[in-house]
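Scrolling down, you'll hit the structures one after another.
Common to both upcoming complexes is chain A, partnered first by chain B, then by chain C.
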Partner chain A sequence: MIEAIFMITAIVCLISALLTVTAHNAVHALLYLVTMMIAIALIFFLFGSPFAAALQIIVYAGAVMVLFVFVTMMLHQGEKSNLDEKALFSLKNAKGPLLLATILIAELLMISVQPLEMNSSLVPLSAISNEAEQDSAQRDNTSQPNSVKSLAIQLYGPYRLLVIIAAMLLLSALIAAIHIARKTPKHVDVDLSPEETQLANKQQKANS
Partner chain B sequence: MIELTSLLTPLAILIVLLLAAAWSTWLERRLLGIWQDRLGPNRVGPFGLFQVIADMIKIFTKDDWIPPFADKALFVIAPMILMIMTLLGFAIIPFSPDIQITEFDNALLFVLALSSLSVYSIMLAGFSSNSKYALLGALRTTAQMLSYEVFMGLALMGVVVIAGSFSLNDIVHAQSQYWFILSQPLGFLLFLFAGVAESHRAPFDLPEAETEIVAGFHTEYASMKFGMFFIGEYLGVIFISALITTLYFGGWQGPFLPPIVWFTLKTVFFVMFFILLRAAIPRPRYDQLMSFGWSILLPLALLNLLLTAVWKLTIGV
Partner chain C sequence: MIETLWVIILSFSLFAIGIFGLISRRNLLFILLSLEIMLNGIILLFVAASNLHGNNDGQIMYLLVLTLAASEVAVGLALVIQIYRQQQNLDVDTLTKLRG
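Then we have the complex of A and B:
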């Protein structure tokens, strides 16, 4: 049963990923991307990680993609943008990426046919750190419902440095955004629209 | 037999919810009438109760029109998304100890995920209508819902910290001693504001501000597709009321009366409170709404979370 659901979800995921690339309408493409996110969330859920599934939907489908659609919606010019997209989408343009992607797929197939010996330098951090081992032992003891708790222990235990770095990165991005969006009173005076400058000129003439 | 009952309960809940949403339009019009010193619809049936049926006949027999300039597929899908997302939310609400469709540990995250997905409905309605007012309304709604979702999530975390669980059943059971409104008054207020904004009801109904942008995102909608938005809004109000009841007012717990009656009474009380808000408070300006959210509600929500965590660590209740 679960295998069947997984297969269906995976197929939906792949199809929507493909349609994301091939759709000419930018908003439609983004909606396929959202569908893909939801399918990935379902796969997380099937793998026994409901917390990751919920975060996938809340963060990616519910926030990041909403902003994408939001901006695209504002810049969309109807039929004109669709035609522009169509013009861009030709096999000639896609040749390079297609070739490179084919190499990656070939590599993936080779690995899946003949599994590699894991290189020790590629093993995840948690396997190296003793602290993490203790925590994962703790996690095994705690029951499944507390998966959020064990994740939190991991994040604020062995990975706390990464959390702090991510937080600092976000903070700097926030400050940069505020700086860019800040209104300077000079700009308001300079950026008059053509109609406004005409009006101002007329008023000056009338006054003189 | 087990399969039959497990199918019947969701079906019964679905029908009750749709009827409740339909009749809450009547409730709203009557109550608004009373608070504004007039009667409201009182002609059709006793107390005007059958007004809803008359409205339904009217809306079903209207021309189900899709504008020729619209993006047809999205135009049809948009109202469905709202209905599906809102109805799915009720799956995790514990109506009483026995009546609940499904139960899992991350129920509150499920609620947040659904509320963030329902934004798409309004966005797509605005985009596919291909009209200025609809687009403006959709832009307003999206920004508003994205912002207020943040405070909604942060306000809920206070309850999660105290109850120590994301599961709604655990949260209800954790309130057997006292309701969380007592320990989380600030969190409750924040959640209430966020809830009103999420269901874009007055006074936070700028996406549909008639005086400025006709009817906002559903300007181009008619007939049953408009009906879905309309009923979806009332379902949203009932959902937020049910959540407030579950999270802050002890859910189905209460003396003497059976649990389902307590739950219904509390939920109806909050639905009426939503209507009272509409009758009592004027609309703010859009920039006021956004700056109120980001510069007042967000710091307060963070403060609430911090204080709750400190309280939990020091006193430990």
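Then we have the complex of A and C:
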């Protein structure tokens, strides 16, 4: 049953990813991408990690997609954008990339089908082996190895530095985004007269 | 019971689709979307490995990749807006000057 649901979800995921990549309308591409992300969240649920699934929906399908939608709203010009996009991209002109991507997938399929003795050693996902269970039980004293509680304990225990790095990454991205997207007046450094530069310097000193 | 092999194939296919989009599209917005697809393929592999081995390191890595994706999207979209202001379209092939 779970395997059937996984297969259907995986097919939905792949189809919507392909449609995202080949769509001409940016809004359609965004909606297909949301479909793909919700499909991936469903796969996370099937794995048995609901925290990752919830984060996938909240952060990806929520926050990141809202950013994309806002930018598309700002920049999309209706039919003109669609026509421009059709001139920029068509499947006929994308034969080379298609060939390369197909080669990659074919190689993966060959590797994974050919050596059967390697595949037979793989454990099914939902059956966690006893050794791993004992390992993680020794490592942290929580009862369930994959619960949100043990995740939080690990995150604020041995992985403290990672949380700080993530926070600093987000902060620097915020500052960079604000700085880049700011409207800059053109040729500001050329047009300034000496008095104006003096005034600007004074203001800088006052600010600091 | 989900076979590990199918998960790996799904993840790698998503990555290949993302690479296809990355190479073939010329609109910067769609390039960012393709990057998102590639990151999602990697994330899928991380969470699957975390569940296969029964420890949480994969999910912690998932959190970090999620943060990375969010900041990448923020900076990338700021660049999209700035490029659109400069040349009224998002064709990356016409970006030939560093300072327009």
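Convention: the second predicted complex is superposed on the first by the 135 of 208 C-alpha atoms of A that agree within 3 Å, B and C clash if a C-alpha of one lies under 4 Å from a C-alpha of the other, contacts with A are read in each partner's own complex, and residues count from 1 in each chain.
Simple rule for what comes next: contacts are C-beta pairs under 8 Å (C-beta built on N, C-alpha and C of every residue); 3 or more make two chains touch, one makes a residue touch a chain.
The model shown is predicted, which means the values in this text are computed figures rather than measured ones.
Trainee: Once chain A of both complexes is superposed, is A:F51 in touch with chain B (first), chain C (second), both, or neither?
Mentor: Both chain B and chain C are touched by A:F51.
Trainee: In the superposed model, does chain B or chain C contact more residues of chain A?
Mentor: When the residues of chain A touched by each partner are counted, C comes out ahead.
Trainee: Taking the superposition as given, does A:S172 touch the first partner, chain B, the second, chain C, both, or neither?
Mentor: The answer is second: A:S172 touches chain C but not chain B.
Trainee: Using the touch definition from the top, say if A:A63 reaches chain B (first), chain C (second), both or neither.
Mentor: both
Trainee: With the two complexes superposed on chain A, say which partner A:M74 touches: chain B (first), chain C (second), both, or neither.
Mentor: In the superposition, A:M74 touches chain B and chain C alike.
Trainee: Have a look at where A:L88 lands relative to chain B and chain C in the superposition and call it first, second, both or neither.
Mentor: second
Trainee: Quick check on the superposed pair: does A:M110 touch chain B, chain C, both, or neither? Answer first, second, both or neither.
Mentor: A:M110: touches no partner chain.
Trainee: Under the stated touch criterion, which partner chain does A:V34 make contact with: chain B (first), chain C (second), both, or neither?
Mentor: Touch status of A:V34: first partner only.
Trainee: State whether A:I164 touches chain B only (first), chain C only (second), both chains, or neither.
Mentor: After superposing on A, A:I164 lies clear of both chain B and chain C.
Trainee: Using the superposition on chain A as set up above, list the residues of chain A that contact both chain B and chain C.
Mentor: Of chain A, residues 51, 55, 63, 67, 74, 145 contact chain B in one complex and chain C in the other.
Trainee: Which chain C residues qualify as touching chain A in the complex?
Mentor: By the definition above, chain C touches chain A via 1-10, 12-21, 23-27, 29-30, 32-34, 36-37, 40, 43-44, 47-48, 50-57, 59-60, 62-64, 66-75, 77-82, 84-85, 89-91.
Trainee: Touching chain C in the complex: which residues of chain A?
Mentor: Listed in rising order, the residues are 2-3, 6-7, 10, 13-14, 17-18, 20-21, 26, 29-30, 33, 36-37, 40, 43-44, 46-49, 51-52, 55-56, 59-60, 63-64, 67-68, 71-72, 74-75, 84-85, 88-89, 93-94, 96-98, 100-102, 104-105, 108-109, 112, 119, 122-129, 132-133, 135-136, 139, 145-146, 150-151, 154-155, 159, 162, 165-166, 169-170, 172-174, 176-178, 180-181, 183.
Trainee: Which positions of chain B touch chain A when the two form their complex?
Mentor: 71, 74, 104-106, 109-110, 112-113, 115-117, 119-120, 123-124, 126-127, 130, 135, 138-139, 142-143, 146, 149, 153, 165-167
Trainee: Mind pulling up the chain A residues that touch chain B in the complex?
Mentor: Residues 25, 27-28, 31, 34, 38, 50-51, 54-55, 57-58, 61-63, 66-67, 69-70, 73-74, 76, 78, 145, 147-148 of chain A touch chain B in their complex.
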